[in-house]
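Going in written order, the chains are labelled A, B, C and D, and every chain counts its residues from 1.
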Amino acid sequence: MKKILLLVLSIALVFLVGCNKDSKEETVTLNVFNWGDYIGEETIAKFEEETGIKVNYEMFDSNEAMYTKLKSGAVDYDVLIPSDYMIEKLISEDMLLELDMNNIDNFKYVDDTFKGLAYDPDNKYSVAYMWGTLGILYNTEMVTEPVDSWNILWDEKYADSIIMKDSVRDSFVPALKLMGESINTMDEGKWEEALKMLQAQKAIVQGYAADEVRDKMIGEEAALSIMYSGEALLTMEENENLAYVVPKEGSNMWFDAMCIPKTAKNKAAAEQFINFMTRPDIAFENADYIGYSTPITEAKKMLDPEIQNDPAAYPSADILEQCEVFIDLGQKMTDFTLEKWNELKAY
Amino acid sequence: MLRKWLATPYILWAIIFTIIPLAMILIYGVTIDDGGIRFSLENIMKAFDPIYFKALLRSIYYALISTIICLIIAYPLALILTEKRNAKVTVIFIFVLPMWMNFLLRTYAWLTILETNNGFLNTVLRFLHLPTIQIIGTPNAIILGMVYNFLPFMILPIYNVLSKIDPYVLEAAFDLGASKLTRFVKVILPLSIPGVISGITMVFMPAITTFVIPKLLGSGKINLIGNLIEQQFVQSYNWYFGASLSLVLMVIILISMGILNRVDPSREGGAL
Amino acid sequence: MIKSGLKKLYMGLVFIFLYAPIVTLIVFSFNDSKSRAKWEGFTLKWYANMFHDPVIVKSLYYTLIIALIAAIVATLIGTFAAIGIHYMKKWFRGIVMNITYLPVLNPDIVTGIGLMLLFILINLKLGFESLLLAHITFCIPYVIISVLPKLKQLTPNTFEAALDLGATPFQTIWKVIVPEISPGIVTGFLLSFTLSLDDFVISYFTTGNGVQTLSITIYTMTKRGIKPEINALSTILFAAILVLLILINRRPGKNNVLLD
Amino acid sequence: MKNSLIRLENISKSFDDELILNHISLDVKKNDFVTLLGPSGCGKTTTLRIIGGFETPDDGQVYFNDKVITQKPPYKRNINTVFQKYALFPHYNVFDNIAFGLKIKKMHHSDIKKKVDWALNLVNLKNFENRNIHQMSGGQQQRIAIARAIVNEPEVLLLDEPLGALDLKLRKDMQYELKELQRELGITFIYVTHDQEEALTMSSTVVVMNDGVIQQAGSPEMIYNEPTNAFVADFIGESNIISGVMRKDCFVELFNHGFVCVDKGFGINEAVDVVIRPEDVILLKPEKDKLTGKVTDCIFKGVHYETYVEAGGKEWMIHNTKSHIIGSDVSIDIAPENIHIMKKR
């Protein structure tokens, strides 16, 4: 009897879910694809309330995973929020729609520093969402000397206390920058040279960590790690001994930006969403929740002055000048760098 | 008769949702895309390139060690369980309940316990003035993670088979003059082989392909084949090569299954 | 005496090993710090905040619905399949069982991408339906391997006996076979539900249209780390199933039905 | 044709290329107690399963009241079965097991109660209806299985070695009870066993099977006294099977000694098998013209002595009431009507 009941219940459930969807078809729905936990908790509800547009919010864990899903064409996404090099890749593969800036009035609030960047030089396809740098997060108790160079990641004093990133391009940044090279170099020889440096470094590296690096730094399991500024800001909140620096050799400056893929069914609504997210009050709320750096000047001004003046969050212009944005290296070069990465991990 | 048709919905389901997707992956495995898509074994050959093949061998090696450890831990436990009256409840507590915590969260929790400096275990050891251990980031941590995750899959089948051994058979063994040890070696062990085989299958195979465990517990210093397959599919969008790697892996799995099937041709141990 | 003590000790050690991370997680769900690396005092705030994040609430909803439906459907198809397989000719049974083991042994990512390719091929937009189909697919084998051993334990001729007494094949299955193998069915259902709950990789590649499970939500929290609210939610879920299991097994007058 | 309730016509069946039944034909009359007897693997259970509808023959037809039922599923046949290991449903209690078939027929529950009571009474298990199956002994389970079948009032009851798992005493009791039951119910029983004694005791017709072929069918007396071939003779009861030569009608030569018999119609000097039951051999003091041998063993068996005599190069088994000294010489005599001549196989 119970089983029959359960069966009936489940069939009813399927219908319910099915019907639900049908009734929603009438209103405009927007498929937004973003990183997990990377938007203010009430932001979407606010947008839905203001515009009457229903948002289907989906999350990915990496640019690459996002790309795989998008490329498959299995879902018609309307708004994506990937990172810089991924946007360039999407542009070069003709997968993005040009934005109509007339519909994104609030674009004017984006700081000029963050316009016309290498991945989208004419601001035709994307509007910056968050930004930051790649640097060294270190424990001031464990590292007493001043930290200002990538060099310290090769210092044997800190053997087993250095954490690199489990990501090809990020982990190659220190080596390439120490060589005085561009992080976007297409010269295979340079990559080989950088690989040699990383192979030499591997003996003193504790690990190539992904997200768990934050907890490792908070728990003082390591003295030094390379990290994005946004994550570093969150991490420093949990342990006051931690400090963040962008080394003098220069580094990577990264962006997550909103764009509209060609598969979009609702370009107008998508632009409305981008416009909404760029509005200073929303951008402020968003940045306040996420804790990353916002490219919207007006929004920044609303933040706690302590954060506004934190060089980790908003570094000075001369530091930024040293920094480069990742550019997509193309399939062949990407495969090559991955091969180098696998070589590094092979032993 | 009807019962012969009962499996038909499943067989159809399996053809559509298991065979066809797998066939599509296999097609990717034996083709390449250089302008046009064509048949080629190039990627299969590439899978034997030292970088990848070493990772494969290493995966097999770690999976093998984990399987052996699981077997060593699980067998006595299963024996003890057969003597318990409320064994079934215990089995649920071993098998189902832990999985109700998200796998990623559980693996993270191991970090909290095992971290070298301020991990829970080492804090206790230090408090007791005992030498601390360093395990995170080593192959041992990967093996620990595998054993932790797959141990229940070894305990259950062995327990299931052991609990079904006819008690008279055991008495008969004593009756015929077998000592406890002889009885174990000559009667219990051979009778439990199907469960052991099933356990080995359920531990060894998933252990080969895991990629989260080496990433987190191994601190990402070592690539296992699971990492490489994931990398090819997701990071470099090279489905052709990713499929080739999985194809090679699958052949190895099928060969090991074939060998296991020889030991237990009836697959009686198909019991979870 | 010493021997039984040793056995208890051994069991205890294995249990400590299996439950250490879970206890850790539960303890840290009361941690005042956001990090799982440092204990900063007791708090209940994560429990209070648990349902504030709409994304978490929604993914909890989808997780439970998907797991429930997937487990029910997989249990139905899988149970019938197991009965069918049990009465199959030996060689055919061998083939079907090998197919059954395929999803169990394949790397998740291969299964996930394979299914995604299939859904594209048959032009099914990713979303609730595709996610459900995928979950059912990877759950069925576990139902089959839970139910088959129970069928092997049936007294011979059970099926014939019921037919003989006038039951149609359908009545036979429903009134005789199913009740007798019910422990295996319950196990299969429980396993399906659990695996559905825990899956990330296959889910990620087969979902869309805003349908996200808790696993996806957890795995994609890469930018800011896993929210401590997740620990609180997991603790609650864990406690809920624990209580449920205890209740089921304490039911008076019934032998425990689970995992026979 | 008339009077036959079940008729098998030219039935053949093979499993995995192994021929189990080889063109079998059989008539079962109404109210008959038919026993299918044979060694394991002879096809008797398969025959029963074909009658029950659990197997479909590859060839041939099954008739029930002169209607073809070959393809009819078991649940549409008014035939019930008592299975070898009873196949009781462990998740039901005694009452629900017996009531199973009635509930399927959607009978009113007060009627069900009445009928179950009746059936339980019939198998001497009154007041057991609320017991669990696993609380019952083997003999009781047996009775429940029988009650579960007969409560449906079948025209034919099939029994597949139902007493195989019971001890000797219980088996004897049940044999008697089953026979009583059959008489009382007035329905047809088809009974499968490999125990020849059981077959002879209970049946009105015995069907001896071997290698998928019916060797002989007939009354127990006929089967016992007039076996058609050496297999039947050997399988039914104990017998001395001796090679002989027919010298003329009613005269057979065994070990160079002539014996008068009653069989005719064999060719002159045809080699034949001769069956002589142990109790039909008469032992005499040694006489010159008779077949003579030496007593090799003599065992007391309760009602008789089992005496072994070495005569003519063969060991004879003899049942009689006198004991003989081992080593003594004896002559063998056999009454003509007790010499059964069969064609050599």
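By our rule, a contact is a pair of C-beta atoms (placed from the backbone, for glycine too) under 8 Å apart; a residue touches a chain by one contact, two chains touch by 3 or more.
Not measured: the values here are computed from a predicted model.
Shared contacts of chain B and chain D, meaning chains that touch the two of them, come down to C. Here the chain-to-chain distance from chain C to chain D, counted in touching steps, is 1. Taking each chain's centre as the mean of its C-alpha atoms, the one that lies farthest from the centre of chain D is A. In whole angstrom, the spacing between the mean C-alpha positions of chain A and chain C is 33. A separation of 17 Å divides the Cα centre of chain B from that of chain C. With centres set at the average Cα position, the gap from chain A to chain D is 85 Å. Separating the CA-averaged centres of chain A and chain B is a span of 34 Å.
Within chain D, residues 73 each touch two or more of the remaining chains. Residue positions of chain A with contacts to 2 or more other chains are 62, 65, 68, 210, 215-216, 219, 221. In chain C, the residues touching two or more other chains are 36-38, 113, 117, 169, 218-219, 226. Of all possible chain pairs, those that touch are A-B, A-C, B-C, C-D. By the touch rule above, chain B contacts chain A in their complex via residues 50-52, 54-55, 108, 111-112, 115-119, 136-137, 215-216, 218-223, 228, 231, 233-238.
Within the complex, the chain C residues that touch chain A are 33-38, 52-55, 65, 68-69, 72-73, 76, 113, 116-117, 119-120, 125-128, 130, 204-205, 207-212, 216-227. The residues of chain B lying in touch with chain C in their complex are 1-11, 13-14, 16-22, 24-25, 73, 76-77, 80, 83, 86, 88-113, 115, 118, 120, 148, 151-152, 160, 164, 201-202, 205-206, 209, 211, 226, 229-230, 233-234, 239, 242-243, 246, 249-250, 253, 257, 267-268, 270-272. Put simply, chain C touches chain D in their complex at residues 155-158, 160-169, 171, 175-176, 179-180, 182.
Those residues of chain A that touch chain C in the complex are listed here as 6-7, 10, 13-14, 17, 21, 31, 35-38, 41-42, 44-45, 55-62, 65, 68-69, 72-76, 210-211, 214-216, 218-219, 221, 230-231, 234, 237-239, 290-292.
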